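Chain nomenclature is as follows: A, B, C and D, assigned in order of appearance, with residue numbering initiated at 1 for each chain independently.
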């Protein structure tokens, strides 16, 4: 098996990676400014939060569920983080300790909302999309109500400058993204919970008979998605230097697009984190290149919607033989 | 805990809410305010009626919000561009039917999960609408506003249109073959095929009707507003689902109705909103109250479906 | 009315129907009797247009008849009353009766249902089947028997020439069965021919004109009901030589009781008590609908239990859930391989490792020791002799039925079980794979575990079990030790109608 | 693999169709939204000013999402724009944007909203919202005083997260405070710059306080909703009619001009869009040529009302829109 064969089999098994590379080359040639160093950093900064969000969402979709509440988690985390960290309104002075407390607060928001979603789906047997749609409405309303739709400012300098610090040549968010991706990858592919996630997604009855703790599995995937959402909120908040109750409004389309383009099946049980990463990269490049060309933000929204529909259609036709009953 | 959620329990809830608000402020309990509520609820009720049909077949349509927006923007642009006013409504309906058709074909023919199809069309519709209007508020001419405030035999036009649409859909659901077969499909799709029901044909029609209702509902709401802002129709799909579920329609299919169900559900939501404004409560409270009410009702709906056994 | 000429049907190598020729004259009722899996339902599926016969022709109502679709056979006048009714609980009786073609108003309102004629036609049909219930009541509110009568009324609506009843009386109470039999007699006067498939020989003898016995896909005998005695019917149903070879077990059941069950109530009516001893294969025989699966699933925690005390190896079992049972070494191989058994598009290794994963957790955080998982999977798969190309890539859905069952057995072997509850383990499996499964069962029992074998094939139980219990309509009606094994006696207890 | 080529090529076609060659230097115009006529007129004015000075431009609209606006500015920087004119979502999220522009040393002019912190190199061109709204409401109060009766007043607020909305409310309150005996503020309706909320809020406020006779809106773009509410409350009458409600607005858009001519609107605070837009583009050009530019340019704006309608119409951007 020569190197070329290995690459070819890899590309056949993971088509999205091939499409991603192809798209990058095409854009680099066609679109002026796409290949510049500045734009590449631009791509990296936009890609990181989307990757973290999409990784969390993949866990949920693998169990044939969906988490629509991530944008509200981003908003509430951003507001809670703002309250804890900001020096003028913050509960604690603007020192380093307040930052740790702030980050801890943001993560616990992700865990709490994740628990609420998870328990409603697992124990109360409510449909996943309705539970997360309701918590989306509730918590985005909550974020706006708490702050009376005012932003929170004066976040500690340490947080605000963090994205621009680099360590061994790479900016800090990159390390965060790598850390999140590898730990999730190991969790999904090397641990008991990972096997259980795939099994529950493939056939929930068989999993129950084979002694899998289904409520534990479902609750943990929603908590993972919640924590990923609050981590992404940390990045957005640092980047915009404000705790905003309407943070991350338009990100849901990109996240679901990334997971679906990647190839993860909506019926559950089938999908890989590498696919989602490639899907997220493609969505970011798509967004960036169409923007550079001057296409309006709304046409891009339409293009993304169309791509989700096309890919779902293609996956449906492609996997005719293996579709579920 | 309330085990059985009959549509009548929603009526009781509505009366309780009305009593609560009238005790909190005397501006609430009078004819003019009720007329206000009825006018303001007309758009939502029409959209929720279309949504009820989709929910009865255990499907979902998240794109109604952006259909309201797109239909409004398209017809608004045409009227502002000089076309005659009567042309606006047919154009809006055409847009609704077109998006409904796309939803139907994708869900039925290509067997894609309904909420992903309608989520995609939601963004496509919203994106296209914003592109046409370049996020500028489309200020409609006076004549448009006239429709909103026009009174037919003393009853404001929006209420007339609402009653018309709801009565027609109610009759369709209760009195026609198409309607009764929807309940069969919602109960068990495989059994319906075995019983000889043309399942695919009916499901496409259901998404067409939902698109149509979204367009009519949007038109009626715009006629009151006089202008279409870029965020028009946002979260209307959630309110429509909420109104149907509050009215006893089950998310799992096979159960639900327009009268007294969805209409009362829509009234309940609008009354809460109206009441909160009348008692000058913090407007930001509104989504919190509606969302928690919906959560409880969906919880009861799920408990009924799966019972207490794991 | 209906003639079958040399009908044969085979699925790949397995021949299910062998050269069947029989005739049902107009207004006559044919009783069709045979063990589970004898080929009755295959024959009915051919008549119903679900699949075509491999050989032979069908003549119905004088013309050649090859239905390709369900609706086609319905239009030509054949009506089916399946055991699993095709009714919608959320709709009323009259709506169910006319769901595919409502009577309509004339003129402009032709889409609106003509409620008056709907109610009148519905009441007429209900009268015909003797169901005195308002046609607007919801199906969900009716008893099983009443729902069955509605299904029959629905069939009558199509003016059928032939009605086929498939096990209609299993879920009915006694007077509901009597009312059904009276109805069938009244239908006879209307010159409607009928095929009545049932296990209750008394019922069949009371209404059928002719009785046909099917065994292993072949028509053994067809005779007038009066002269065809019950004893002869049973002998024809069962009387084949034991050509199936069953491996002999070297060990015998020990005295120590592994599982003891006291007043287990899985159907709200009957309390069952029995126990299984170490190194024992306990058989559980019964007909379709006797409640054997319901009992096993209730015991294993997959369905509601109305009561019962369970002791495992002397200790009281409080939490009856699959998770808890597996921890105590009790496993359940479900009857429905596709829905509840395999992880369809996953690899063989992922299927086999599924139930035993917690055992392979290493130090912290659920880290799995994949090396020893893979080692143990390949050893278990060798033990069960699964024929496969690749453990990691080949999806289980591509394997044959027999191999899939062996994959599932390997999954349960990995949990080192001491009690295996096997629900119809060899259903729809080729002979070769069956023998390997029997040998595997014996090896396990010889090594000290015990087996509760639920099966509808008497020879399998006779060949494999140390003791056989017979179940009928939810209750244990008989028990036979190996020494007292008698095929006809077992079948008689299984067929015994509740009242005599 | 081949079928998978289908959609990147499809996107490529769309991409090529939009890209066009450029020789002249480029100015990036980033607006938070075009939701109101005011924003549309501003964008048109900025574009016209760029063309007049021989610059090409690229426009990006963020539809109210600060995060998207930040990404769009980064795109401008990678495109290599010569200068940036930005109407930010709010005064705080503009700070990291200014930092990004400064890092790429691209001159940046902030239009219509004052950044919250003054560090960083930028030019702000903004109207004095507080003064304009105070003068407008003071004129309205004088009218109310002349009528001799006591008036119940209603103000329609903007989005309290927007610094301009907060200043306009402050201006309203300061003006009303000077006439304690003629004006009594009975209702404050938050609209969050949203038509539906304005309609519902004003309808119910008028319903709760039937004899309101003094209405001021923080932005003219809410006129359609407010007029619709006034009609249902039977309060929409021209000046001179005994049921006339003293009606005032802010921005000076085309509808305000029409209402003034039809004598329904008493007064309207006008931001001088032409002046502000020219100033912002000039500021960017001066910075490019190294000329000094003062960091903040204030547009005093003016109040237009029935008495000075003719003379001021020429300066009012809404009149010629």
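Assume a residue touches a chain if its C-beta (ideal position, glycine included) is under 8 Å from a C-beta of that chain, and two chains touch if they have at least 3 such contacts.
The shown structure was predicted, so the numbers you read here are calculated from the model rather than taken from an experiment.
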Next on the checklist: Farthest chain from chain C, going by mean C-alpha coordinates, please.
Outcome noted: D
Checklist entry - Out of A-C and B-C, which chain pair has the most contact pairs? => result A-C
Item to check | Centre-of-Cα separation between chain C and chain A, whole angstrom | outcome: 47
Checklist outcome for this item: For the pair chain B and chain C, the C-alpha centroid-to-centroid distance in angstrom is 46
Checklist entry - Whole-Å distance, chain B centre to chain D centre, using C-alpha means? => result 33
Checklist outcome for this item: Separation of the C-alpha centres, chain A versus chain D, in whole Å, is 35
Next on the checklist: By the touch rule stated above, which residues of chain D touch at least two different other chains?
Outcome noted: 61, 63-64
Checklist outcome for this item: Where chain B touches two or more other chains simultaneously, the residues are 130, 134-135
Checklist entry - Could you say which residues in chain C touch two or more other chains, in rising order? => result none
Checklist entry - Linking chains that touch, what shape results: line, ring, star, complete or other? => result other
Next on the checklist: Can you give me every chain pair that touches, using the contact definition above?
Outcome noted: A-B, A-C, A-D, B-C, B-D
Next on the checklist: Can you tell me which positions in chain A touch chain B when the two form their complex?
Outcome noted: 66, 120, 124-127, 129-131, 133-135, 137-138, 140-142, 144-145, 148-149, 253, 256, 260, 266-267, 296-306, 308-309, 312-313, 316-317, 323
Checklist entry - For chain B, which residues are in contact with chain A within the complex? => result 60, 106, 110-113, 115-117, 119-124, 126-131, 134-135, 235, 238, 241, 251-252, 282, 284-288, 290-292, 294-295, 298-299, 302-303, 305-306
Next on the checklist: Help me check something: in the complex, which residues belonging to chain B touch chain C?
Outcome noted: 171, 175-178, 180-181, 183-184, 186-188, 191-192, 194-197, 254-255, 309
Checklist entry - What part of chain B is in contact with chain D in the complex they form? => result 25, 27, 32-33, 36, 39-40, 130, 134-137, 139-140, 145, 148-149, 221, 224-232, 273-274, 277-278, 280, 283
Checklist outcome for this item: Interface with chain D, chain A side, in the complex: residues 11-12, 15, 18-19, 22-23, 26-27, 30-34, 36, 38-39, 42, 45-46, 148-151, 153, 160, 236, 239-242, 244, 246-251, 286-298, 303, 307, 310-311, 314, 318
